[in-house]
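Two complexes are shown next, each including chain A; its partner changes from chain B in the first to chain C in the second.
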Partner chain A sequence: MKRLFENCLRARIMRKYLQVIRITFQEYFVYRLNFIFWRLRAFIQLLVLYFLWLAVIPQGTTIFGYDQAKILTYILGTSIIRSFILSSRSVDVAGEVSSGVLSNFLLKPINYLGRWLAKDIPDKILNLFFSIIGVSLILIFLRPPIIIQNNPLIIFLTIITIILGMILFFYLSFSLSLSAFWTPENVWPPRFLAMIIIEFLAGSLFPLDILPAGVFKTLKLLPFTYLLFFPLNVYLGKLTLQEIFIGIFISLFWILVFWQLAKALFRLGVKSYVAWGR
Partner chain B sequence: MKVFKKYLKVWLKLTALAFSIDLSNRFTAIFAITGKVIRFLFFLGFLFLLVGRTETLAGYDLYQVVFFFLTFNLIDILIQFFLRGVYYFRGLIVSGDFDLVLVKPINPLFRSLFQRTDAYDFLTFIALIVYMIIFIATGNLVITPLGVILYLVLIISSFILGLAFHIGFLAFGILTTEIENIVWIYRDLSSMGRIPIDVYREPLRTFLTVVVPVAVIVTFPAKALMGLLSWQWVVFSLVMSGLFLFVSLRFWKYALTQYSSASS
Partner chain C sequence: MSIITVKNLKKHFQVHKKEPGLLGSVKSLVKRKYETVRAVDNISFNINEGELVGFIGPNGAGKTTTLKCLSGLLYPTSGSVSVLNYTPWDRKPEFQKQFALVMGQKNQLWWDLPAMETFILNKEIYEVPDEKFKKTLTELTRLLEVEDILEVQVRKLSLGQRMKCELIAALLHTPKVLFLDEPTIGLDVVMQKKMRDFIKEYNRRYKSTIILTSHYMGDVKELCERVVVIDKGKIVFDGKLEEIIKKFADHKLISVVLAKEIDPKKLEEVAEVKEFDYPRVMISVKRKDVSAVTAKILDKLPVADLNIEEPSIEEIIRELFTGKNYA
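Up next, the complex of A and B:
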């Protein structure tokens, strides 16, 4: 009887989050043009990098240990995984805090962090879908040489590292947004600066291992490397199993750090929250 | 002359107000300026790393590639510094406050374009100019007096082209209330000029020269300074600027006739 009750409770909780996912999907379809423009921008950014690297590494040459197929796979792959790893609705948390909308959710029987995790699901699905369309257009019309990974273990490990990257970025982004508790009038500047650093150090512009060895060694200890560069390097088969497991361990460490940081900041923030204008 | 003085006075007043707003919050100012500088340094470092190893990019050496990037930044910052007001235009339209602009004894297009000057970009502009002077003085670019004159003329021409695009965005904003995204798409397209346009393949290169003339805006001035641009392309650039400005002004006039004064 107790077990049945627990199962019902769990199902009711899940229903709540499913409802959040459904509503977020509907929100996207209200602002369709906005979303299309957003994806068009991502496609243009991809084209810049694609042509740059195509010019830098002509067919038959190898620079920084990358031939044309490897680098183009890296750039196109980054574009796909970036669309769902570095996209998180948690960017809007700051707005809710600074406008006082947060009060509504503090009164509701829903976990605030869980709600934002649920909101991320449709965001990532839609971004992934449109990103695949963008990359497919390049594959169809420009026919670049790319590497198709066929080792099931490597593919499995790539998926694991991508999931870890998503979780890591969620907590990182959520923590950044919580700065709104202390600087409600200045929510965008810290994020603007942080995103420039994160995107660059994650390897969105180029593979990080082309940097001088000392710099790259340091970057491997930071969390950003595990957002884009690490999953792509796993996919390209450039790492040994040992290196992959060390990378996964470091990712888990940073997830733990940012998870605890997000929780602590939220707890502290709610204590100093005054809900202006509400 | 009297009209010019009047508008200059208005612009100076608007700029003074914008500077006091932007610099009143030191926290925002520090983060925003640091972000812009870091973004610039990251890409510059990337170019040094990349072309330093490959020695050339689409036939250009490291100094030339970096100069293309510096010119891109110069034009981008100039446009952002003067025309930041375009980003605030949607607010005027959706709130109906554009009515208040229309009834004032000042050209509504001038007011909409120049309503906000970007103080942060002024500071980064100064830093960029200093760096460009040092770079040209210490680099191995071959520069002639004619090249310098053409460079300055084409920078002005590029600004006029950028202005034409922004007038078009305002008109588009009146018709659709959608403006921010289209500005960002323009900025993404113009960011293709961070590297020499010769890197891109056809038909993209033609698209970036004729349809969305990023090449004309960004690449041509740098090529002119280095003596790599024929006079036909200089004329083409000036004609394009005039043509785009003419079309954008017509579009603006048409859009004004469609303004329906929302919410008021």
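Up next, the complex of A and C:
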């Protein structure tokens, strides 16, 4: 009986976040044209990257130990998974803090971090959906030489590492946004700077293992490689099971760190929050 | 029984000051001067269950800051606050489910979606059971006459319609304590009246405790028995509304439009002139002398138009702080 009651209670709490998800979806669909253009942009970006690398590495050549198929898979793969790993609605947290919209949520019995986590779900589902369409189009019409992973265990582990990457980026991005509590007028410059560094260190420009061994070893201890480079290498089958589990362990560690950091920053920030204009 | 207890509440802000001009801007890059603003400076009061209290005071007096402290948005510099036996800034869900803050100039409605979506979201956030939600929603929409606009995108609503929907969104969980910060701002007179009637009705029907701030004397006059006057972060008056009107608004204003130009000296003979900007004259008169002075004006001056007005709330308060002591 008590168990049943607790379950009901939990269901009620989940319903808040479900409604947040539903509303976010609806918001996306309000402006159809905006929605279509945004997806079209992502698709064209994908095409440009694809043709660029196809030209850079002709068939039969290898570059830094990557043959054409591997590098194309890496490049296509990163641009796909970055569209839902390195994208989080939590960039808008800064705006809510500096404009005072945050007040609306501080007044209500809802967890602010949880709300943003919920808001990311529709965003990622849509991005994933349209990425799959984009990639399918490329696969069908261009028949590129890429590596298709067919080991179910590896595919499963890839999905796990992608999910970890998303959670890690969420807390990282959330923490960045919270700087708005202290410098409300200065939100975008630090974020741009941070994003450039993050994208580079995450391996969105080139595979990181072409860097000197010492540098690469250090990078593996930092959180950033676990956003893109690591899940992709799991997919490409370049890592042993042991390496994969060590990687998962390190990303879990960083998730914990950034989760606690985001919570602590939020607690501190709310104390100095002045709710200007609201 | 006290529902709200405020004791020695202080809230000070650090505000950065910039000298004017480009040079000032450059200087402020290197070294910033900060100044402490005492937005709320040691105030104490109690409010009982079911009371409807008006907070009045000029802009920047500290009304909104006080409400923000009571809502748990701001951490006070010092002092203690208890609302429904909770400390607001702990932001306990059990507390948050029992109160609401409505700010007339701000919105919580989802701009791009119909108001109904926000209502459903709030229903889930406040964990309102389906039955109760339906009942409250029907009641509120009927009282505010907005049954037919709930499905319209919020951005397409008029200010008045939006304000009504804002109120509904804030009241769906039937809060026991309600803070209204200028709920009638920007509304036309008809809408203002409806809003007031609604607030009164809500207070009566749900026995809720309400604090209201407003710049419209009309709001306060019609709704609040008790008023708290705040200025420069301090409470300067706390008591019955009639007392404050009797005590501080002891005069009326007569505004006259002259038909032709006359010697200002002649004006002075008739009454105490506050402002003279031909053809308009503003005359301040003691409440009891209104009819006598009006008669004199009509008799002695070439009058095209004449109006007798209550001094505005701002004026009463301004007068309160210029010369008079309010002890």
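Here is the rule we use: the second predicted complex is superposed on the first by the 277 of 278 C-alpha atoms of A that agree within 3 Å, B and C clash if a C-alpha of one lies under 4 Å from a C-alpha of the other, contacts with A are read in each partner's own complex, and residues count from 1 in each chain.
We take it that contacts are C-beta pairs under 8 Å (C-beta built on N, C-alpha and C of every residue); 3 or more make two chains touch, one makes a residue touch a chain.
The structure displayed is predicted, hence computed values, not measured ones.
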Exercise. Now for A:F192: first (chain B), second (chain C), both, or neither, which partner does it touch?
Worked result: first
Exercise. Touching A:K217 in the superposition: chain B (first), chain C (second), both, neither?
Worked result: neither
For this session: Identify the partner contact of A:F64: answer first if only chain B is touched, second if only chain C is, both if each is, neither if none is.
Result: first
For this session: Could you tell me if A:A55 is touching chain B, chain C, both of them or neither one (first, second, both, neither)?
Result: first
For this session: With the two complexes superposed on chain A, say which partner A:L107 touches: chain B (first), chain C (second), both, or neither.
Result: second
Seminar exercise, completed: Listed in rising order, chain C residues that touch chain A in their complex are 13, 68, 71-75, 91, 93, 96-97, 100-101, 103, 106, 108, 110, 112-113, 117, 120-122, 124-127, 153
For this session: Flag every residue of chain A that touches chain C in the complex, lowest number first.
Result: 12-13, 15-16, 18-20, 23, 26-27, 30-31, 100, 103-104, 106-110, 270-271, 273-275, 278
Seminar exercise, completed: Within their complex, chain B touches chain A through residues 25, 27-28, 30-32, 34-35, 38-39, 42-43, 46, 49-50, 53-54, 57-58, 178, 181-182, 184-185, 188-189, 191-192, 194-195, 199-201, 204
Seminar exercise, completed: Interface with chain B, chain A side, in the complex: residues 33-34, 37-38, 40-41, 44-45, 47-48, 51-52, 54-56, 63-64, 183, 185-186, 188-190, 192-193, 196-197, 200, 205-206, 210-211
